[in-house]
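So that you can tell them apart, the chains are marked A, B, C and D in the order they are listed, and the count of residues begins at 1 in each.
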Amino acid sequence: MSTTLLDTLRQRVPELKTEDNTSTPAAGCTATHVCTTADIPAIAEVFKQAGYCLEMLTCLDMRADGGIFRLVYHFSRADVPDRHRFLADVEPGHEPPTAALLFESANWYEREVYDMYGVRFAGHPDMTRILTEEGADYHPLLKDFGVAHPTDEGNGNA
Amino acid sequence: MPRDFVDIFGNPWLAAAAAIAVIMGFLSLNALMLIWMERKVSARMQRRMGPTERGPFGLLQTMFDMIKLLGKELITPTHVSRKLYLSAPVLMFVPIVAICSLFPLSENWVFHKYDIALVLVLAFSSMSILGIFAAGWGSNNKYSLLGAIRSILQNIAYEVPLILAVLAVVLVARSLSLYEIAMEQSPIPYILFQPLAAVIFFIAATAETNRAPFDIPEAESELIGGFHTEYSGMRFGMFFFAEYSNMVIVCALATILFLGGWHGPVLPGVVWFLIKVYALIFIMMWFRWTFPRLRFDQLLKFSWLLLVPLAVANLLVTALVLKLL
Amino acid sequence: MPELIHVGRDEDRDTYYLNMGPQHPSTHGVLRLRLLLKGEEILEAEPIVGYSHRAHEKMAENRNYIQFLPNTSRIDYLSGMIYNIGYCQAVERILGLEVPERAEYIRIICCELNRISSHLLWYGTLLMDLGGFTPFLYCWDDRENILDILDEVTGSRLTYCYGRFGGVTMDVNDEFLQNTLDFCKRFRERLPEYETLVTENIIFQNRCKDVGVFDQELAQDFALTGPILRAMGHKRDVRRDEPYGIYDKFDFDIPTLNGADTFDRFLIRVEEMHQSLSIVEQAVSRIPDGPVMAPKVPRKIKPPKGEYYFAVESARGHFGMFIVSDGTEIPYRIHLRTPSFANLSSLRSVLRGTMIADTVAILGSIDIVLPEIDR
Amino acid sequence: MQSLLDIPRGARSLLKGMGVTIRHFFRKPVTVEYPRKRAPVAKAHRNAIVLIEKDDIGSHNCIACLQCEKICPSACISITGSRPDGIAFKRPDKFDVDFALCSDCGLCLDVCPTDTLGYSEVYDAAGYSRADSKFDLLEAWRDKEGEALGTLRERERKKKEEREAKRKAAEEAKAKAAAKEKAEGKEDDKTGNGTAAS
């Protein structure tokens, strides 16, 4: 079954680089794919037809090497243990398209990524913060967000 | 014929003052006892201890609570419409004292000789709803407003089956005076003649006092405090006081109408009366600590679609049977 | 006097906003539900979260792998053991560390006891939200037994830090095993009592049947997991689909119903308590002797560079840890995919058209824990 | 709401529910009046950490290696140590733990090389300010410190003597072995040099 899925996937997104992870169980997914943010909606549509759900969407702050944010999408199947990981790099200043129109769970995931990393998603119905308080101007999970190492004296207790 | 306070004290004003003193004394003592009893019963049913700190078995605990409540500051929030907000506790409490004066105490003691006491009881009991509504609407807070609206709909819905059930008893006793109804039941209490009316009356009575499965006006888990969210200090105490006095009145009414008031084999009349009243109160508490809460629309449907038709049917059957006898 | 009723979206009907929370007796934590109401009927519901955000993921980027252990059981403090042991298993699978047989059995017993204690707390709070206060305290009585049993061996009652990479900190003695068996027997006798008091109660059934029905495409749309998904007919459980630890050595079945309403979610969790009890009994009867820590555990945990994902079945659903390691001792990124984050977002479409009293029932039946949503 | 057939079934379920609560009404309560009587605490319960006595020294055996300070995730342990004369290990001068931050994870007990950290019986310590939660673990051992140093120095001296004795014994053994070898060497020459000198 998943082979036909991969074929339809490759038709929609030709330059998709796939790497099979069934041999390394620690990776936790059957295949990792690298794609660009532009084809995320197409990928989401393919997986929606195939009955997958968007299980997880998060972001990695890769500005140190390569100056980009990397979005990580996990599509997982309801009855058979099959999970696909998609890595999509976001060029600075460019807003990746939203997947919230296809998968409702993406709505809150993308709001959390914006809240933590500042990456805005184009077309998102309600692009606001979800976890930190309103009116906050910082994005906590950025690597350069100032934080004292726990062993320093001034770690916040009086 | 029973003697009443006017015979004892001569002029009626003195009699009225004495009656009010007796009633207030009984009600306040009773409220303290009931609050303690409710906490002990609920504790035991939940395998807990209940109050044990103050006094033997924690008997004085409610006294200490009352003193604490008296000491608390009476906060009147600014966003509140003062007239309604301040009048609510009084409005709730006045009808209760009025109803109490209608009850016959025992075979030869009555506050005042009435011959249509039952009509007055039902009239006054529907007045206490005004207090709840004034509290809910006056506090001008969304949760209280919801509580107020709910309490009105509920009281209207459960007033009808209450009256129908009482009517069935009136048909059997052919009298509206509580004293005569009680006297009629010397050999056999009416509950044996009117079992369905007794059940309907008791269910409607629990709903009337906003207790047990029908306590949606002040449903803690949904409306936080319902109509008494904004009250503090002794005003909040007054609502508690009114609730427990309401309970006693309704149970007293039930004992007089169905369990034959003070009739009982060996003990004196008043003791039997109190035993039956407190047994019914125990059942009410038992309801509260066993059942979850009905949803608002289910509660109304339960009354209109089930209790009212049953009560009417019961009334018709009673009338038919009496006609044939 | 502030105007109480303001005209909402539809001009002709008087609608108003009501904030259920963040301080509310039945929101199971600090959650604010912004409801657009017409009378008692809900037109629109927007859960607002973030009140107990403690930045666990940021802490993960400032501590080495061992120091993140106490955080794991504080993400979802009701299934603290499952999260703690799950994190240990995730790092063990990355390092390829073998855990001795006895430690695996102890982990299974503690995780399943933790699942029962979490379900008991859910059971009590759901009943309290519906107005029945007594079952809440009966659940507390049973749950207290579990907490005492686990306290004997792990040292804490709720936020366990019992697992280490390669096994568990303390071995289990016969007294612990005997206490567990006694608990299982006593709890099996108590369950019929709950049955008569709650499940068969006509008022409870009316409050729960056909209330908050999830329609089928919500499962895929909101990536629902856990008892909510199983109440919609999907036989999905991480212990069975992606087996970890030694769950494949035990025979337990995954209860599923297809009513997808509050009552079915209730029955699913009660049945899950039965299943967990049987797992615990099987584990206690077959526990081997031997060490509880792997012989050779590296002093410094430095997982090889790469992205890893590991999921466990917590009491609320699929909890996954996405660990990105850059080869050093400090993890580059740990993303915690918590089940209630997805489950709660489904409230937005479920609550339309229900009444306030139903919101409380549906919220109780979804069994969310706010700190797990806010992380 | 529900059909009329449901009334008997519903009423029966309500009555059976009431039967359950009334049965519990007559059973013994399971709660304990906390301040007056206290429920037994599990032996392994992780209370506040404390320096425990190592029997042979008569005091704690902390060597101020700062392992627990490094491993503590919430950085609530702060230690300064110095080496008293005549002893190979350090002894702590300051061992403060801020129990407002401690998360009872037990990592400090795992890494302690001399296993001198343990759990105390204190589980309900409370205070009015954050400063009240800072405990000085050396306070209990302040008076026993002198005596402990004495035993440690004495143990150190004994160990030094043993080392000398062992070294001397090793030298004699080497000397004897060398002497024996010379003796065998002479015999090999006499019995012919077929075998190569090893």
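In this section, contacts are C-beta pairs under 8 Å (C-beta built on N, C-alpha and C of every residue); 3 or more make two chains touch, one makes a residue touch a chain.
Here the structure is a predicted model, which means the values were calculated and not measured.
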item	value
Mutual neighbours - chains that touch chain B and chain D alike	C
Distance-to-centre winner among chains (Cα means, whole assembly as reference)	C
Interface with more contacting C-beta pairs, comparing A-C to B-C	A-C
Averaged-CA centre spacing for the pair chain C and chain B, given as whole angstrom	44
Chain centre separation (chain A, chain C; CA means) in Å	24
Chain A and chain B, separation of their C-alpha mean positions in angstrom	62
Sites on chain B at which at least two other chains make contact	45-48, 289-291, 298
Touching two or more other chains - residues of chain A	150
Set of chain D residues in contact with two or more other chains	1, 14, 17, 20-21, 24, 30, 73-74
In the complex, chain D residues that touch chain C	1-2, 6, 9-11, 13-14, 16-17, 19-21, 24, 30, 42-46, 71-74, 103-107, 110, 119
Partner chain D, residues of chain B touching it in the complex	41, 43-49, 52, 286-287, 289-291, 298, 301-302, 305-306
Chain C to chain D touching residues, read off their complex	63, 66-71, 74, 134, 138, 141, 148, 151-156, 159, 161, 164, 169-170, 193, 196-198, 200-203, 206
Partner chain C, residues of chain B touching it in the complex	42, 45-48, 79, 81, 140, 142-143, 145-146, 213, 215-216, 219-224, 289-298
Interfacial residue positions of chain C with respect to chain A in the complex	49-50, 53, 55, 57-58, 61-63, 67, 93-94, 96, 219-223, 229, 234-236, 241-242, 306-311, 318, 320, 322, 324, 332-333, 335, 337, 341-342, 345-346, 348-349, 374-375
